[in-house]
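The following pair of complexes shares a single chain, chain A, combined with chain B in the former and chain C in the latter.
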Partner chain A sequence: MTDPLLSIRNLAVRFRGERGDTMAVDGVSFDLHAGETLAIVGESGSGKSVTMLAVMGLLGKAGVSADSIFGCGHDLLKASDVEMRAIRGRQIGMIFQDPMTSLNPVLTIGRQLTEMFEIHLGLSGAASRKGAIDLLKLVGVPSAETRLKDYPHQFSGGMRQRVMIAMAVACKPQILIADEPTTALDVTIQAQILDILSGLQREFGMAMIMISHDLGVVAGIADRMLVMHSGRIVEQGLVDDVFAAPKMPYTRSLLAAVPRFDLETEMTR
Partner chain B sequence: MAADLAPIAAVEAPRSPWRQSMRRFLAHKGARIGLLMLAAWLIMAVGAPYIAPYDPNALLGKARLAPSLANWFGTDQLGRDVLSRVIFGSRISLTLGFVSVFFGLVPGVVLGLAAGYFGGWTDTLISRFIDAMLAFPSIILALVIIATLGPGIVNVMIAVGISAVPEYARLVRGSVLSVKAQPYVEAAWLVGNSSARIMFRHIFANINGPLIVFTTLQVGNAILVGAGLSFLGLGAQPPTSEWGLMSSEGRQFLQRAWWIAASPGLAILSVVVAFNLIGDGLRSGFDPKVRVR
Partner chain C sequence: MILTKKVPLLELIDLKVHFPVSGGSFLNRTTGTVRAVDGISLRIMPGQTLGLVGESGCGKSTLGRAVVGLAKPTSGAVVIRGKNVDNMTAAEKASERRRVQMIFQDPYASLNPRMTIGDIIGEPVMLHGLRSGKLAVQARVKELLELVELSPSYADRYPHEFSGGQRQRVGIARALACEPDLIVCDEPVSALDVSIQAQVMRLLMRLQKDLGLSYLFIAHGLGVVKQISDEIAVMYLGKLVEHGGRQVFQHPRHAYTRALVSAAPIPDPKIERQRRRIILTGDLPSPMNPPSGCRFQTRCPIAIDRCRTEPPPMHYAANNHGAACWRTDELDVLMPMAMKPVPMATMTAMPLASIPATPQQLTDIG
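Our next item is the complex of A and B:
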């Protein structure tokens, strides 16, 4: 088997608080291979997002410790700020939970999209504009040419999330991290966004990490899943295996919390 | 039927937050009055040699003439036309207002951005420095700087500018702190932007509203402090026609020839009021919570 794209060993994140430290992530290890979709599930505060923010270097060096973090051929623990900037957005793209607040309200969509090309590919002017238009078309934003001049407030939530996805995949990253990309959207839009994500993943051959607490989303899109609870991974395996035969009581209770139409319950009987 | 269909409404042209603010600004009645007053002063400053009835330094013979048709604002203690001197004085005062604001704005913004964005010891260092400077009233601070640099109108501009640095820095730091916590700043960082780019492009673009309002008000304030320093003899030197200096010179004749001191005083008042009106208008323009009446 080839080397994993992302390999994390024994990651721990400690937040300093007034009443002592809190371990937000404790001894997390996993691998992500090229082309696969890995889901990280767990309740709010289980450490899903913090794990990925630590990998991206957003939490700084203080409080974050690990035996090793390798991503896209780089040692992310030892990478300098300049190296990390080149990796973020270029090799690891990220999509956020709330598209309403993740775009800068005073910059046009076009400016925010072309920025990606400017920073990472050194493109400017007509070349970056064309790239931005192509991207918007790719994620299904209609009349892309004219919408480049629009501001985020002129977009609906679903359209904004498409723009966020366009920004995240602008430089064709090897890894795409989607942090609850559909949580803030309504159900029909959720399905469209998930379609776009898996389509882009196939097209660009990206590996994807889907952070979610929505097991329905996970079942539909992921190959493997990690279940996190209180900062630790309590169970991991192929999605089908975990759904069919959860080993840990926490996973069982997570699965039991989802209404299922294929099972007869007390209520429906 | 196609013919029955109403034509599709033209899509509303994208309106930037900036243009929305300017629209609200221009709808503000006070702001329009302020703009008119400022425009009048700007025209007078630029066209002073054509508008002023006399040479501001020419001695017309009779001193302390009361206002009349020949000398609308009378003549001063040396027999110079007060109106002409007020008109020429607008050049110095307006230049002082704009230039000194620049001296305060640029370092203030850089310090505030750095303090708010980097936090930690950078913030501690800059904030303590700002606090120390804020302990002095700005005119005292300006006096100290003038004492160091020596009197003169250019030094007044520098002094008035620098004395406003802490206020700019404090305003910017506070605004940065509130904007920095927004998800889009985190997002900008996670797509690979450098700190400088995030500070100047992503954060600065979101805090320039309050900054523009404050800067406008500060122009009026700078003119006032500058005139104050000239009044104290530390700024413009005779025979320059500068409003603060003119008020100072007319002060000893206040009982017999009030117009010598009152005319430049009214000029200062009207310019400061103009900037305050514009500032109020801008505030309602940039802050959607303030209703335009």
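Our next item is the complex of A and C:
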């Protein structure tokens, strides 16, 4: 097997608090290979989002420790803030759960999209504008040319998430990190967004890390999965194996807790 | 109390809840109307659960709020135990309303942070005069806490000391304090983690069995609705599109329900890979300016001319499974529910009107 795109060894994140420290992430190690989709699954507070924020250098240096973090050929542990800023967006794209709070409300969609091209790829105004229009078309935003002038509040939740995806893939990153990208959306819109994500992944050959609490979404999109609980990885494996035969009691209880609408079985009371 | 089986606990007759929208100019005139609930008829029998599903903005929460009296119906009737709420005297209203309670989605926003758990649960007991005397109220509060599987010692604590799941139990205890017959549950578990969801669902089902409650269970998650409901109703843009028993998800008779069911993820990778997924184009249209004819026609992959001009009526089949769709009888051919993968061209790029009504138009992801 070729070298992994992202390789994390023994990551720990400690949050300082009045009543002592909290280990939000505790000894997490995993690899991400080119082209694959890895899901990180867990309930709120399990450390799944904090893991990826720490890897992206978005938590600062304090409290974050690891034996090693290598991503896209860089030593992310040693990278300076300036270097990290160049890697984020260019080589590793990110999508967050809530598109309204992740987009700048006082800038037009067009400005926010063209900024990606100007900063990371050094393109001119006209070229960036063309790139922005192409991107919006790619993620299925209708009448892209005119919508560039609109502000985030003029977009629906699903359309905003498309814009977020467009920004994240603008520079054709090698890794796309999607943190609960469809949690705030309705199911029919969720299906559209997941469809776009897998289409883009195929087209650009991106590897994807999907952070989700929704086991249904994970079952549909991921190749491999990690199950996190209290800051640790409690189980990992191919999606088929973990769903078919979960080894850990926690994973088993998590799977059993999801009510199925497609089966006639009743949950045990 | 004992009810004869024939009188529904709750009946909604052609219920409409419209909200005027004002703004634009400085005169602040009414510029439009949001038709949140637009002519819905439903009934709930004692001890039964009606599950109401739909996407955000379809009007399901407004319907729930109209049932408990938090939203004023524009027209139509809310009938509780055979009596129209509009025709009740103030005293009747107070006592009948007590029998219809509500549990809210957000367990953080729905409890007063400055009241103790004991006061939150004890207040309705006192207000409705269900117990007299401080000691009797306190004893009732402890009983109610035990009923929702919380320690009676929690009565002196404040909401911020509890987790989301525990707070939702407090919300349930507060609803039960009024000794209701019907509880409107508005997305009661969607803010909770799956394992906590399962616990709260089990509690709701146990309480129903022990106390003989009825639920109007409003949620967007098909799994939880299926789990608890005797009957299922599906809403789209203020209208009821489908209504029936639990077969609604097994064999939907409306194009929208088929799309909804096919889009809902199933936690099984093998099934997910083989499913035929119908991906709808576009967003929910504005409820201020709903489409003509069938409200779903703008996103429906099999809409025909008739769907654009004539609103389809609710038509019930012999098994009491109703749907408001002109193409109900053709759905098995046009939008089959089979799990077998069928390679199909994507329809996303094509305008709806130009597509012939064949199975090839449906998007399939393998």
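The rule is short, and it goes like this: the second predicted complex is superposed on the first by the 261 of 269 C-alpha atoms of A that agree within 3 Å, B and C clash if a C-alpha of one lies under 4 Å from a C-alpha of the other, contacts with A are read in each partner's own complex, and residues count from 1 in each chain.
Note that contacts are C-beta pairs under 8 Å (C-beta built on N, C-alpha and C of every residue); 3 or more make two chains touch, one makes a residue touch a chain.
Here the structure is a predicted model, which means the values were calculated and not measured.
Colleague: Does chain B (first) or chain C (second) touch A:102, or do both, or does neither?
Modeller: Touch status of A:102: first partner only.
Colleague: Classify the contacts of A:149 with the two partner chains as first (chain B alone), second (chain C alone), both, or neither.
Modeller: first
Colleague: Tell me the contact category for A:192 with respect to chain B and chain C: first, second, both or neither.
Modeller: In the superposition, A:192 contacts chain C only.
Colleague: Going by the contact rule set out at the top, does A:83 touch chain B (first), chain C (second), both, or neither?
Modeller: A:83 contacts neither chain B nor chain C.
Colleague: In the three-chain superposition, say which chain, chain B or chain C, touches more residues of chain A.
Modeller: Chain A has more residues touched by C than by the other partner.
Colleague: Quick check for you: in the superposed arrangement, does A:36 touch first (chain B), second (chain C), both or neither?
Modeller: A:36 contacts neither chain B nor chain C.
Colleague: If we overlay the two complexes on their shared chain A, which of chain B and chain C does A:26 touch? Say first, second, both or neither.
Modeller: Neither chain B nor chain C is touched by A:26.
Colleague: Quick check on the superposed pair: does A:58 touch chain B, chain C, both, or neither? Answer first, second, both or neither.
Modeller: first
Colleague: For A:261, select first, second, both or neither according to whether it touches chain B, chain C, the two together, or no partner.
Modeller: second
Colleague: Write out the stretch or stretches of chain A touching chain C in their complex.
Modeller: That would be residues 43-44, 140, 156, 158-159, 186-192, 195, 198, 213-220, 222, 239-240, 243-244, 253-262, 264, 266-267, 269 of chain A.
Colleague: Show me the residue ranges of chain B that touch chain A in the complex, using the header's touch definition.
Modeller: Where chain B meets chain A, its residues are 11, 14-18, 182-184, 186-194, 197, 201-202, 205-206.
Colleague: Mind listing the chain C positions that touch chain A in their complex?
Modeller: Per the touch definition, chain C meets chain A at residues 55-56, 193-195, 197-198, 201-202, 205-206, 220-227, 249-250, 259-273, 277, 279-281, 283-284, 299, 348, 363, 365.
Colleague: Using the touch rule from the top, collect the residues of chain A that touch chain B in their complex.
Modeller: Residues 56, 58, 85-90, 93-94, 96, 98, 101-108, 115-116, 119-120, 146, 149-151, 153-154, 164, 167-168 of chain A touch chain B in their complex.
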